[in-house]
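Note that subunit A is present in both complexes that follow, paired respectively with subunit B and with subunit C.
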Partner chain A sequence: MEENTNKHNSRREFLQKMGLIASGTIMGGAAMYAGFKFEKAKKTESKIKALSAEHQLIEVDGHHPVQDKLTELQMQGREGLKGRRWVMVIDLAKCRNARQCMKACQGAHDLRPEQHHINVLQMQDSENTAPYFMPKPCQHCDNPPCVSVCPVDATFKRDDGIVLIDNERCIGCRFCVAACPYSARIFHWHEPLKNQEYEENKERYSQLIAEGNTQEAEELEKKVTYDVELNVPQRKGTISKCLFSADRLRVGKLPYCVSACPNGVYYFGDENEDAVTNGTTKETVQLSALLRDNAGYRLMEDLGTKPRVYYLPPKNRLFPFPEESLTNTEQHS
Partner chain B sequence: MNRINILIILAAIFLNFSLWAQETKPWDIPEDQANKTAPAMFTPDMAKVGKDVYLKTCTSCHGDPGKNNQAKLNPVPSDLASPGVASQSDGTLHYKIVHGKGLMPAFKNTLSATDIWNVIAYIRSFHTGYVQPEPRVIKTFGGSSLKLTLEFLKDELKFKVLAVGVKDEIETPAEGVELAIFTNRYFGKLKLGESKTTNAQGEAFFDVPEGLPGNEKGELTLQAKVVDTDTYGDVMASGVFAAGEPSNKPGLTEKRAMWNVGSKAPWWISLAYPLGVLAVIGTIGYILLLLKKVYSQGNDASEN
Partner chain C sequence: MDSTLPVDAQKSALKKIIDDVARNIGINKKFHAWMGFLTLLLFVCLYAYYIQLRDGLGVAGIRDYVSWGMYIANFVFFVASSLIGMLITAVLGLSGVKWITPVARIAEIIAIGFAAVAGLVIVSDMGRPERLVYVFIYGRIQSPILWDVTVVTTYVLISLILLYLPLIPDLKILSRNPMLPKWLQKTYELLSINWKGTNEQYQLLHKAIKIMSVLIVPVALAIHTVTSWLFASTSRVGWDSTIFGPYFVTGAFVAGTAFLIIAMYFFRKNYKLHDYLTDFHFDKLGKLLVLVSLVYLYFNINEFLVPAYKLKAHDAVHLKALFSGHHAPMFWSVQLFGLLIPIVLMLFKKFRKPLPLMLISLFVVIGSWFKRYLIVVPTQEHPFLPIQNVPENFKLYQPTLIETAITVASFVLVLMIITVLSKAFPIITIWETAHEKGIHEPEKLSIDKAE
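Showing the complex of A and B:
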């Protein structure tokens, strides 16, 4: 008898529970749908109050178009060239401070004369050793501290070893600048050099689109669209850095700095092929042999950053360093 | 202090001038090179090919011949249609293109011998009244043209290059021809070992370098070339041989690391957050469980 009541009770309880769950689901679903509809409707018409630069309360459109998909150039920039491991070798014995590398680089990346992706430094390791010139680009480390600290995944390392920066994602926190032991990164404190040109291009582009002139617009699109592999157009409040000329590598050309050097300082190539090509003479040599025969080394090896840039010591330099040069600190007093 | 500064400025000016003077020093062209003539008479076809090469490699500095639109460099590159260029011999132009000087790059590694002569043919097409000297006679080596064949001897781990002279469709081995072999790399051609000279059978053997990376299958794209292109022209043979190491190194972003993207973060980072949340929820649950136990024990005690 007792068992029967239990059975009866449990069936009733079961039906009650099911009813509750069903009505709960329907109500919950309805609430979510209503909320979703409300949010969708809000996006298009809502205004939010904001304080203007003149300390006045203004109403602005609450809906900001968020770019949720990467452009083709951004996606392409995130993928490296399959099966490659780019490597640069800098022969310090040949550098005579011609600064053509810096010029070519600044020209390609729209940089001001005082902004450097690559810089030629005057070095003197100790008081009694000879001074020499040292070009210093980003070292494109295999264990990059700058990438580890980026909070928004704006700077990243690619399959082929290149460390790039996506200034559409960069929030300008400058953690990477602080993390880089090679001081390879620069920050755009001011409007970039060609800002006016960028603005004009943008205006012209939207004008052409409005007019329906697709042919001219397409031509201009290249200049307006941000290219991660060139980091152009540059943008105020973001980071810029050496890119190993990723856009040139894609088309089989040597980097801007490498091909601009008149003195044969730079070798560039693929570690997987064990070959590097000199930018000046275009002679291709075996990477392992070049490093072995000339006692190649990397900067700050002890930090464990594993740079992809090698240096050959400034032995038997092919030019004299300017006598009593700028490295003599006494003259600055 | 001021005097030192002035001295530095003077030294800098002097240095500048000495560098400048160095770059504008005159061409030093050996006589035999200046007297060199083209391997064949220039034809409009040669000039046409030469024009393509010119547009790719020369225009950026020298501008279009006859239009005087050279790049503003120091010194200003010459307009190649000018009388100053027209009066120079073919050998002089050839030497300048091959060896370069100062800002003028050397093209010996970037342009083939044929292309250099094609460019000269194109430049000459702007020089009115130019009469080409007799083309130079190619040395005889048992034929009038040279043919190369490249082979990979798998058992001996050697490459064999056979050079034969062809004359009236009769082939005879060419002795004493200097040959070199190259393999294709991303930015250029890598020379393998030293160049070698063919024996009486017209053969030269090259060792396969140890551990040279090929493609994924270990294949190398090889080229055998004649070193003395001035005499024999751009004679070469090429082939693909499985003589290298297969290169299948993983991409540099494959492994888990601090600097990698979220999905490739080290395990301990990926696990730290979910484990932390689980630990907090677990602790709260455990406390609730204990409270329930206290409550039921209290009930039991009051019932008794």
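Showing the complex of A and C:
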């Protein structure tokens, strides 16, 4: 009897040990396999050199795993323009609320009148200080809270400093809206403005393809293909925001808002070149000198978001601020 | 003393327990009526969700500035209420509190109902629900949403295990009960995975329950802490707080305990369980509710008094809206009727009797729901930069009928889960109750009886 139990016990012990060894082997093997795959993947990735926000040459992975299964435009949109660090300077002294920037932007991105990638705000910092107009695009932060919280990598920071949004990826959770301290993001609560036109084009496109009419189809292709750098066509249930007109930058043009301004408010350029160009006068000036001489600043520096949009203070304003439009809303003191 | 109980007495005592519990298993007319009502309501509310899917999230009152509204507030409430499972089974269970025996399973069922539906509530808030799978394909670990998905799923799983483990002996006990239909007996037999009730099995069971109870503590703390971080990880006024984690967790215990009391009251009444869910249990839970409410009150004082003392520019705008602005009626109602007055009332023994305690708990639960609304919504009405050049309905959030209906749907689903689970399984644990009454080997006795 006792022998029997002993036997039983030893068999059980043996099985237990075997089980331990087996599971250990499987886990170890899995870990080694994962490590091997990781190393292999690392080798095939190309490293590219980029300038960091701190002006240091760093090596970053040339290939992001999330880039699989993306269209060419999306891929190109995620990479950014090599060697660039885009920056915007807004001279508050010159802004007289012409709103041409807003109009041009909304036209380019198929937005409704209440949807703002850039919004000209009437500001007054305190009771006895002067009111002023402040155009507010996305600040394209170098430490972007929106990118940190995005669960699916739909919004991302490019090497050239631009924060973009991929509306084919966006799940519409709006965590980025909650996280952005600059209220820079909008959401498509309804069908986007030109959705019907887009749907018609899409239908026509597939019709042309079916007919074998490649020439006309090619012409239409641009209108039905999602361009992540323009964020058009816009999508219901997804986020949109200012893109620093990444599509224009790619073809060597200034952003829509910058070019549209009649009052010389905007400067836009490349931080690496230390040069910015005024969108109205087309005059190119040294960025560091412009910021130094005019005491340039960034919005909410204390939040540590490191915006890529600089403001020049509204001193010696070129316009009188209309009395009746003083900011006196309850939302903001 | 109990161990000397004669076998016949044990048998008859066990028979009473089993009869009392088994009577409520299965489908009856009341169940049909109640589930029919819930199903009807659910379909009406699902139609609202259909409209939202068709026309976009714009059918809800949320807009670019207040972009998280009732759905997110409701999500926070659901996660909060689900924490009751952990509070009862783990915190009280592990510290050896005896009176939780008849309450634990109800708490666990509530936890599963709320935690499971919380995930759906989040989906109803998504602009692109069909892309939900992206969270798993493209998930980025630095997003608190990923943490939330991970821990809520884990919590549901552990809660299911914690519901199932103590059920095993009961399923065996009931598997030969002639009061139940044959197919149910067979299902029970199958689910009881060859349970015999030997000492060795009991040791294993106790050990497993203990391990799970320990495991669920950090997971439960994590689900609500992470939920609070959805807000606290931003720099928004009113959310940018370091105490949001414990503030949410303590608030969760308040909401959960109150909901448990309400559920107990209805189970006691409808399932005729007066002998199991006694005045004593309500008294104890009333005291528990006072305790957790006091802790929550303490966190409320910290959360509002400290910034109100300093009145930093943006804080001032936010607090003014809560204290004397257009959120003031809701804010003070919640604090008074949902927290302060219940605390004071429940200090008196007569208010801890079942009916008054249930009514007080009703106020606490409603207060808890609106408290989440007040945490989520007002902050977004006061961003750092002024809200300009947008229509009026962008500035102040006004919930619509459709989003209210979709929110009601989530409650209907929770009630359905609780109802079905409480009808499919014994709502009171038979073996633990039997053991406490000195009935040994209830498995054997119950089978003897059947034969």
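Here is the rule we use: the second predicted complex is superposed on the first by the 258 of 333 C-alpha atoms of A that agree within 3 Å, B and C clash if a C-alpha of one lies under 4 Å from a C-alpha of the other, contacts with A are read in each partner's own complex, and residues count from 1 in each chain.
Please note the rule applied: contacts are C-beta pairs under 8 Å (C-beta built on N, C-alpha and C of every residue); 3 or more make two chains touch, one makes a residue touch a chain.
Keep in mind that this is a model prediction, so the values were computed, not measured.
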Worksheet item: If subunit A is used to align the two complexes, do subunit B and subunit C fit next to each other or clash?
Response: fit
Practice prompt. Mind working out whether A:P307 is in touch with subunit B, subunit C, both or neither, as first, second, both or neither?
Written response: neither
Practice prompt. Name the contact category of A:P255: first (subunit B only), second (subunit C only), both, or neither.
Written response: neither
Item to complete: Quick one: classify A:P135 as touching subunit B (first), subunit C (second), both or neither.
Response: neither
Discussion item. With both complexes overlaid on chain A, does A:F187 touch subunit B (first), subunit C (second), both or neither?
Written reply: second
Practice prompt. Please indicate which partner A:D153 is in contact with in the superposed arrangement: first for subunit B, second for subunit C, both, or neither.
Written response: both
Discussion item. Contacts for A:R84 in the overlay, against subunit B (first) and subunit C (second): which applies, first, second, both or neither?
Written reply: first
Worksheet item: Should A:R174 be classified as contacting the first partner (subunit B), the second (subunit C), both, or neither?
Response: second
Worksheet item: Which partner does A:K236 contact after superposing on A: first (subunit B), second (subunit C), both, neither?
Response: second
Worksheet item: Once superposed, minimum distance in angstrom between C-alpha atoms of subunit B and those of subunit C?
Response: 6
Response to the item:
Both partners, subunit B and subunit C, contact subunit A at residues 145, 148, 153, 331, 333
Worksheet, complete the sentence: In the complex, subunit B touches subunit A at residues 1, 4-5, 8, 11-12, 15, 102-103, 105-106, 109-110, 185-191, 212-213, 216, 247, 249, 251-253, 257-262
Discussion item. Help me check something: in the complex, which residues belonging to subunit A touch subunit B?
Written reply: 80, 82-85, 142-145, 147-148, 153, 156-161, 252, 254, 262, 268-270, 272-275, 277, 280-286, 322-324, 331, 333
Worksheet item: In the complex of these two chains, what residues of subunit C are touching subunit A?
Response: 55-58, 62-65, 67-68, 122, 125-129, 131-132, 134-135, 138-140, 142-146, 149, 230-231, 233-236, 313, 316-317, 325, 380-391, 394-395
Fill in: Residues of subunit A touching subunit C in the complex
66, 102, 114-116, 119-123, 136, 145, 148-153, 169-175, 177-179, 181-183, 185-191, 235-238, 299-300, 303, 327, 329-333
